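Think of it as A, B, C, D, E and F in the order they're written, each chain with its own count starting at 1.
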Amino acid sequence: MELIKDGKRLDGRKPDELRPIKIEAGPLHRADGSCYLEWGGNKIIAAVYGPKEAIPRHIQNPTRAVINAKYNMASFSVGDRKRPGPDRRSREISKITSEALENVILTEMFPRAMIDVNIEVLDADAGTRCAGITAAAVALADAGIPMEDIPVACAAGKVGDTVVLDLMGEEDQEGQADVPLAIAPRTENILLLQMDGHLTVEEFDRALELAMNGCQQIATMQREALMKKYQSFEED
Amino acid sequence: MNISSIKKDYLYRLAKQGKRPDGRATSEYRPITIERGVVNMAEGSAMVSIGNTTVLAGIKMDLGEPYPDTPNKGALSTAAELIPLASPDFESGPPRENAIELARVVDRGIRESGTINLEELCIEPGEKVWVVFIDIHILDYDGNLFDACSLAASAALLDAQIPNERFEMGENRPLPVQDPPISCTFVKYNGTIVVDPSLEEDEVAEARYTVAVDKNGDIRAMQKGLSGSFTVDEIRQSIATARQMAPTIRKILEG
Amino acid sequence: MELIKDGKRLDGRKPDELRPIKIEAGPLHRADGSCYLEWGGNKIIAAVYGPKEAIPRHIQNPTRAVINAKYNMASFSVGDRKRPGPDRRSREISKITSEALENVILTEMFPRAMIDVNIEVLDADAGTRCAGITAAAVALADAGIPMEDIPVACAAGKVGDTVVLDLMGEEDQEGQADVPLAIAPRTENILLLQMDGHLTVEEFDRALELAMNGCQQIATMQREALMKKYQSFEED
Amino acid sequence: MNISSIKKDYLYRLAKQGKRPDGRATSEYRPITIERGVVNMAEGSAMVSIGNTTVLAGIKMDLGEPYPDTPNKGALSTAAELIPLASPDFESGPPRENAIELARVVDRGIRESGTINLEELCIEPGEKVWVVFIDIHILDYDGNLFDACSLAASAALLDAQIPNERFEMGENRPLPVQDPPISCTFVKYNGTIVVDPSLEEDEVAEARYTVAVDKNGDIRAMQKGLSGSFTVDEIRQSIATARQMAPTIRKILEG
Amino acid sequence: MELIKDGKRLDGRKPDELRPIKIEAGPLHRADGSCYLEWGGNKIIAAVYGPKEAIPRHIQNPTRAVINAKYNMASFSVGDRKRPGPDRRSREISKITSEALENVILTEMFPRAMIDVNIEVLDADAGTRCAGITAAAVALADAGIPMEDIPVACAAGKVGDTVVLDLMGEEDQEGQADVPLAIAPRTENILLLQMDGHLTVEEFDRALELAMNGCQQIATMQREALMKKYQSFEED
Amino acid sequence: MNISSIKKDYLYRLAKQGKRPDGRATSEYRPITIERGVVNMAEGSAMVSIGNTTVLAGIKMDLGEPYPDTPNKGALSTAAELIPLASPDFESGPPRENAIELARVVDRGIRESGTINLEELCIEPGEKVWVVFIDIHILDYDGNLFDACSLAASAALLDAQIPNERFEMGENRPLPVQDPPISCTFVKYNGTIVVDPSLEEDEVAEARYTVAVDKNGDIRAMQKGLSGSFTVDEIRQSIATARQMAPTIRKILEG
């Protein structure tokens, strides 16, 4: 498959162009905070509960809140049915997502508490871990959890020997490298960074630059989604 | 006296006056919305809301062996995930008793109504058949999961295509589905019986009763749950109410 | 298979006739209460332990006892070997059995306690959930657990277009509907009610009537079995 | 001083006088009853009581692949379920160490005695053989599960038919079984060794020893358990006792 | 396969001869006590942690320490890959190993405590349970756990109609009987004894005698290994 | 103030002076030793020590079906067991998040470097391929498991033979392996970044970064872990350090 043709990608995007993204803050009634996110073919929903007493007790930290993110793919969100329940991949993603979010949450305000962050992938089209973190961040803000900054994530990669932003499904499968990145957008501190594939140091630098840029664009959309929800409250 | 007994008291007092916390009549259903085809990767899908309760059902199909006692029929597997997204009371991990009962009641309604023509899902008798997986994710829990899940499963089936293309077996074609059941759930608390319970009503419910009826008003499945009891007359009355409501709900489902 | 011929069923019964039932109260030495039940080709044993402190603690209810019924089929009780351990079917039956029994037990007499009710199906021939509840009720009475009434269960159904009482194996497999029912026999309150198959409203009414009737007949046998055990004590 | 140490004291004092709580001599076995064919759905079954201990063994057979290192032999799988029916100390859930040890010791006795002619259970070498499942349910626990389970497993095997009919492979025929082992279990407490321990004796036991002998009095399996120890002479004496008892027990088993 | 030829075994040993054994005390840095053992083709490592507070609490014994031995085979230690994690065989061995070690440890010195004994089989060539106990005993001594005696284990068996000491791989597979034995060497009390196969009473007596003898030889090697470690400390 | 915060304080004060608890410079690696072929029963094996951290990797191979999307390729499965032998903090039981992340990072390095020629492991396209299992046991944990496990896995692969003989498929031959990745791990605490963390440094680490480079100095895999953060410059500097170190480590690995 020719992934880049005449400088355009399979879906017509330029190398440094994001897929369409739609963010809605607070679609769920029961959760303390929530977010619905469409990002290319991805559909993600995130919900936050807490802070609440950490249970079972032995997981409590006497000096700060524990962040318990769970990334889960619906069995019908992928080509062949995924068996329900966590597999090794989703457990790794849950772990690094928890760690990335913990960085910005003012956890020391809530000793012995836990904050549950549930991320459900309803429809998957590459980049779900970045989409999940981005949605979770909006849900945390919607829940009023105090944070230093609202984290945001985006991947870059290499396809058809070109470094590109935000891989979609075919690019992820046929591509040469994938670099998911999560940052705190104000400081540009790196909260999550993975890479697999084959990149020269120069290509990696370019990928990091593209992803950083993508993150900043999405950070704006996150803030707009939150503003929209608060405005709609004020209008009520 | 704690919060939960204050809430219970409040609902009991309302019930004595024939009222419900959200102002509905005892036999009044909340608004239903159904959106089909929401998941691109699924063979079929539907998002169903009953009031603020929202569930998403997705269909996946795979090739497998038939059960030894039904060599000429495809197979059906139904699961419900009470993911912690939907309620602070749901836990992640393997399905618990509540999720199992829920999925089995939904499954029975669909199976006993002959909703899916399983004979048409046989590819090679005794060897190879289609297996239909109905997976239901609860997204927002505000009461009455039994009816929401049953509706979502039926709507997703009506939306589904047999994925022949993915298995290089020709063109996709619609899943052979007809006459899904309409499920109606009642709960009883302090002597009052209400249809389509809200979350608060689910929380104080002493007994629960679900009945699935077909388009002729015949009964296809039922399930009584919780530790309270019903009289024979209460069951009969509930069946009558369900048969009255079913055509309206069926129109929303099939429309 | 012709399930009804000349008004008779495969095993010669009339539509409203029960299979032979044998109930023995207290056959086990270790349990606080027990019951052995033969019902057609079913062989069931039930044992009760408690009330005792509920463990682990988080399952304790501060105002009443927790009823913990476990329905289990022996691996050799069915045609093809059943894998040991609970499956989805047995977990559903355990749940609704616990709920049905809880209705009549004076649970508020034993806060923070649990009562274990173990039901083992040794030989299965349709109707095991009803047989299990019936045996469990006798075991509870044998254990001296205070109850408002002694629950009893029986199924009705439809085979060969006829509504019949108490389906046996072939009728269960080839039949058109099955309606398991458990009641408190004094009030005829319904503790458990399930149905699958296809019944008109009139047929359902008839099935309910038959099952209610069957329950009352079996309730008499339960009381006789308990009387027999107490008399044998007095004779000692 | 709690109940359990009072009980222990009592048993210790009795033991000093050469007595046991139920009045038996140290080398006296309780009455054994065996009822075969109690489970209609099983290929074979037996209910065995030793005193008030009652266990039920059932045999099921299925078709499967042979182990790679024994392509010409059927397979045997033995499991014991310490179901909570039998004792307040048994828990439901996956088998724990005690149940695993019990099942493995019963399995070794039967396997090493060549009780089942596994060669005759081969249908197609390397491809298809009969798998024999022995499942043992403890119904009433009053001590000495090792011997009760071993006897029940053997008696159920002697009762078993190969279920050719269920698999449409001709007529049923008896499972080829001969010369089952006789298992004899001893426990030691406060220096005394007793055969066929009762529940109270199991509870205070410091060491346990089981030996399985064949019809010639040869040894086929043994297992020492618990944290206490035995001397070489104690082991030899126990073997001698077991060999004396075995013919009587074998008569009950085969009779 | 002819297992005995001209009075010699496949590997040239006489019937009453042990395979070569190498014992090293204390090879691990992190563990409180450890042992590395080579015995024929077996390679075993044992590590001891404790005494420490027993967790979870409900396993605590108010009058003595709990001994928690875990026998584990590496997935690559056998011909066909073993699935990681405990199977029924390893759980039985863990249980009887715990019981054998508990006999000699002065557990009543450490109420409410637990002592973890981890035994890893890295390379397997028959007799691993005996090798594991032998290594665990040295690790316990290395950890300074007070014991009445240092347990030791060795198997005897029957191959080619001859009673022999210490079966190696082929003898274990093709042999007629196997008798693993663990003792406290000073008293010769039997801590572990199993047997499967076919032995006359006379053959069993001979096997027990051989195994007892083997144990005493290995007990000397255990003491030498411990002495060697302490001497090397003194030399420092 | 407890032991762990005293330790943390101590490390922080050292770090301010550019020092580490064991006297190393921030970009100084501990001595590495590699011993191949230590497990006779394995297809390949290697024991690797970095300072006092010791891990053992073993390779096993089996025949299996290829993944549907790579019918012409063998399969690779990597697992790490944090057995309780190696640390009082490791628990027995199914692998936990830490072990899963560790194994997946090692696996990615090997997979993305094309270390194993998986095409050569295809026996019958779509039907039968070799499956390579890398199992890594941690024996002694004194910090930096990511690099120790990566090295051990690579060294064991270089030692491995395809076990044709065991499967009666001809003679054994070397597993086709080339150019394994070199993994370099850094941790950050109190603003200082050090390579090859010791146990004490692992315990106070706020952020962790692992990068795997190939023989050309190109990047094949990376993983940032823990709740701390890195700046872009810190990542760049770490990559530069890793590329400087890799040739020396590669010599030890391949030598």
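Just so it is clear, a contact is a pair of C-beta atoms (placed from the backbone, for glycine too) under 8 Å apart; a residue touches a chain by one contact, two chains touch by 3 or more.
Everything numeric here is computed off the predicted structure, so don't read it as measured data.
Touching chain C and chain E at once are the following chains: D. As a whole-number value, the distance joining the C-alpha centres of chain C and chain D reads 32 Å.
The mean-CA centres of chain A and chain D are about 58 angstrom from one another, to the nearest whole unit. Per-chain CA centroids place chain B at a distance of 48 Å from chain F.
Annotation for chain B: no residues touch 2 or more other chains. Residue positions 80 of chain A each touch two or more of the other chains. A single ring links the chains, and its order as traced from chain E towards chain F is E, F, A, B, C, D. On the side of chain B, the complex with chain C involves touching residues 68, 97-98, 100-101, 103-104, 108, 111-112, 209, 214, 217-232, 235-236, 239, 243. Per the touch definition, chain D reaches chain C in the complex via residues 38-43, 45, 52, 54, 56, 58-62, 79, 81, 83-88, 92-94, 133, 135, 137, 139-142, 166, 199. Of all the residues in chain A, the ones that touch chain B in their complex are 28-31, 41, 43, 45-47, 49, 52, 70, 72, 74-81, 84-86, 116, 118, 120, 122-125. Here chain A touches chain F in the complex through residues 80, 88-89, 91-92, 94-96, 99-100, 102-103, 184, 187-201, 204-205, 208, 212, going by the rule given at the top.
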